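A, B, C and D are the chain letters, set down in written order, and residue numbers restart from 1 in every chain.
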Amino acid sequence: MKAWKAASLLGALAIAGAVGAQSKSTADGIAEYRKMLEDGNPAELFEAKGENLWKTQRGPKNASLEQCDLGKGPGVVKGAWVELPRYFADTKRVQDLESRLLTCMETLQGLNAAEIAKTPFGRGEQANMEALAAYVSAASNGMRMNLPQAHRDEQVMYELGKRAFFFRGGPMDFSCASCHGESGKRVRLQDLPDLTKNPGDGIGFAAWPAYRVSSGELWSMQRRLNDCYRQQRFPYPGYASDVTVALGVYMGVNAKGAQSIAPAIKR
Amino acid sequence: MNHKITLTAAALVATLVVAGCAALQPMPSSQELDAQAAAMMKASFREQGIATMDRIEQDLGQKACSSDKAPSAKVAAQIEEAALASVKWPADGKYLGDWKEGEKLAQNGRGMTWTDKSTDPKGNGGSCYNCHQVGKAELSYGTIGPSLYNFGKLRGVADPADPKSAEVVKYTWAKLWNSKAYAACSNMPRFGHAGLLNEEQIRHLVALLLDPKSPVNQ
Amino acid sequence: MKTRREMLQHGAAVATLLMGAGLLPATARAQATGYKAAAFETKSMAELMKALGAGAPTESKDVTITGPDIAENGAVVPLGAATTLAGVKSLLILVEKNPSIMTSMFELTDAVEAAVNTRVKMGQSSNVYAVAMMNDGRVLYAQKEVKVTLGGCGG
Amino acid sequence: MADPMKIRAQMAGDKATVRVLMAHEMETGQRKDSAGKAIPAWYIQTVSAKHNDKPVMSAQWGPAVAKNPFLQFNLKGAKAGDKVSITWVDNKGDTRTDEAVVS
């Protein structure tokens, strides 16, 4: 929470410095608004639901997720989020949190991962995914991003993620870099983190999953990326598809050392 | 018994070889990574509503502006030249519409996403405030592009119909139609060229920027 | 518990709404016991006070409304109502330009401070009010303006 | 069944600050779904608070209270170990009660 306050304050100062006196009061006003919301983040409701889901025996195999290996050994939740996405030897793939949760839900609980990936956001098992993402990320709140890059496939995914980040397309010629390739910019009044480097504690990759005030829902990074691509006017990225995981590796590795404030609260 | 041990040992060796291979395998070359990235884009996306897969087939300009390095001066000039040549000028020679309609378009950031029903520009906005300050009254504006406040005034446009203003009027039209005419890797969409806005809508935006009565020039 | 007077007022308000809008009012839906549905149908401070059977409100320095000057999103706007005066029956949080002016009403006892905070939806920039209904019948209020901005890509 | 509330009650001087988050859609009844059909209103109408089983406050809400509502108030004369309970009832008649201990 402290990190978030410092971050929003820094953001406010950056805006004030960048656009001068006239909009200083606007930036101050927005900073004040964000501060007021910090005191009760509804992400906590999702966190509690996620913890319960983690421990509940569910699915055809009637098992909980307590033996799920998120990269730090079966059942270890604390610290897992700040090291994801990473390479998993059992699936021989680099996986992000959501992709890994799908693996666990399938192997441990016998749920159908492909079905869940196809389910619209916020419904059925997807609503459960969001709660689980809130729970897992909350266990690393305050820790620093530290994605492994030792495995060759992790390095390859970083390179692919970088290429995806700069890939321009669609009727508006947008890439991720159009909005997130430079520091000190904003869209409307929202500060845009520069994701080509570490944008700072609790900013960018280190601030998701987050409760989205505008939709009143918890958004995991998968959903965040999905809506970015919607706004980029691209076709639809598959849930936990390679491009989404590669972007996670690129942003996460760039954010090395940034303190995670997930699950955060956002506009 | 012995047989079993041999088998296990063999499996172990196999595992080591596989793992060893993975670890020792060199990183793909930059070209190989480019090819893998292209294949990944194709495999990861699917068509949804009006957002069809041809949207990730890049044209020359999109491709040249898809890395952290700017294209060479030669390629950039080529893109700009082609962009300027692509500009469709108003058939009736009328460049200015209604700035009030222009302001509405500037405020509106909708259109062309997979949740939109049609690609007809009639339902689209210009999204100007997302990236630019435009009129002074709107506090919520982006800073990806430069401020457009006093756009016409700063360029000495007192009467857009005056022949003296013709150059600025045409520049404004062309910038809106195909922004890449003046900057190969501009972050700004090609509103006319890409069919995001129709001629009438672009006229309204030109008026918003150049009409002395528009809040932009107050 | 709904008093007979409140019931009558409720009925009158419904009739007004029916005449005005020609629509089936939301009051036809199921209600929690004692819910002042009529008050939640009013559009102005004057109508609201009438629906609550209260007198004319006066602005007071002893009442405070807390909220941001500018909200990044109208879907969630933190607002608070408080007063330093003793003898408060209830606190109300109002948004002038919402379809219904009253967002919430808090009936207090001596066991709580006369200070509540919640979060409301605002459709557009508007004046917001904190109203303190006193045991002696006085109605005191404070107001401020909250600007609601458009955020994000707007798509 | 509705998801549990999150209640925090913390001593600050001689009073306890109570913060409550409730999981609820707070649907206004004025929105339309993607097919253009009106989404029916669904919102919390009354909230009541008890301190050690004694009613201390009751609120009435309209649909303008934000989704996943937040409520904060201060309890006078509370002490660590006291019980605080919150109950909400929505316009469909659904209800939920949760409690917390003052810390």
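Here is the rule we go by: contacts are C-beta pairs under 8 Å (C-beta built on N, C-alpha and C of every residue); 3 or more make two chains touch, one makes a residue touch a chain.
Since this is a predicted model, take the numbers as computed values, not measurements.
Trainee: Indicate, using Cα centroids, the chain positioned nearest the centre of all protein chains shown.
Mentor: A
Trainee: Counting only Cα atoms for the centres, state how far subunit A is from subunit D in Å.
Mentor: 29
Trainee: State, to the nearest whole Å, the distance from the C-alpha centre of subunit B to the C-alpha centre of subunit D.
Mentor: Distance between chain centres: 45 Å.
Trainee: So the centre of each chain is just the mean of its C-alpha atoms; given that, what is the distance between subunit A and subunit C in Å?
Mentor: So the centroids are 37 Å from each other.
Trainee: By residue number and range, which residues of subunit C touch two or more other chains?
Mentor: Answer for subunit C, listing residues that touch two or more other chains: 70, 75-76, 78, 119, 147, 149-151, 153-155.
Trainee: At least two other chains touched by the same residue of subunit A: list those residues.
Mentor: If we look for residues of subunit A contacting two or more partner chains, we find 26, 187-189, 216, 230-231.
Trainee: Going through subunit B residue by residue, note those that touch at least 2 other chains and give them in order.
Mentor: Expected reply: 113, 129-130, 139-140.
Trainee: Looking at the whole structure, which two-chain pairs count as touching?
Mentor: Listed in label order, the chain pairs in contact are A-B, A-C, A-D, B-C, C-D.
Trainee: Note which residues of subunit C are touching subunit A in the complex, please.
Mentor: That would be residues 67-73, 75-76, 78, 119, 147, 149-155 of subunit C.
Trainee: For subunit A, which residues are in contact with subunit B within the complex?
Mentor: Subunit A reaches subunit B through residues 18-19, 23, 26, 151-153, 155-156, 159-160, 162-164, 166-175, 177-179, 181, 184-189, 192, 196, 229-231, 233-238, 241-244, 246.
Trainee: For subunit B, which residues are in contact with subunit A within the complex?
Mentor: Subunit B residues touching subunit A: 22-23, 25, 27-28, 33-34, 36-37, 40-41, 43-48, 51-53, 55-58, 61-63, 65-68, 112-115, 119, 129-131, 139-144, 180, 187, 189-190, 194-196.
Trainee: Would you pull the subunit C residues touching subunit D in the complex into a rising list?
Mentor: Touching subunit D from subunit C are residues 26, 29-36, 39-40, 75-78, 80, 95, 98-100, 102-113, 115-122.
Trainee: Okay, in this complex, where on subunit A does subunit D touch?
Mentor: It is residues 39-42, 44-45, 48-49, 211, 216 of subunit A that touch subunit D.
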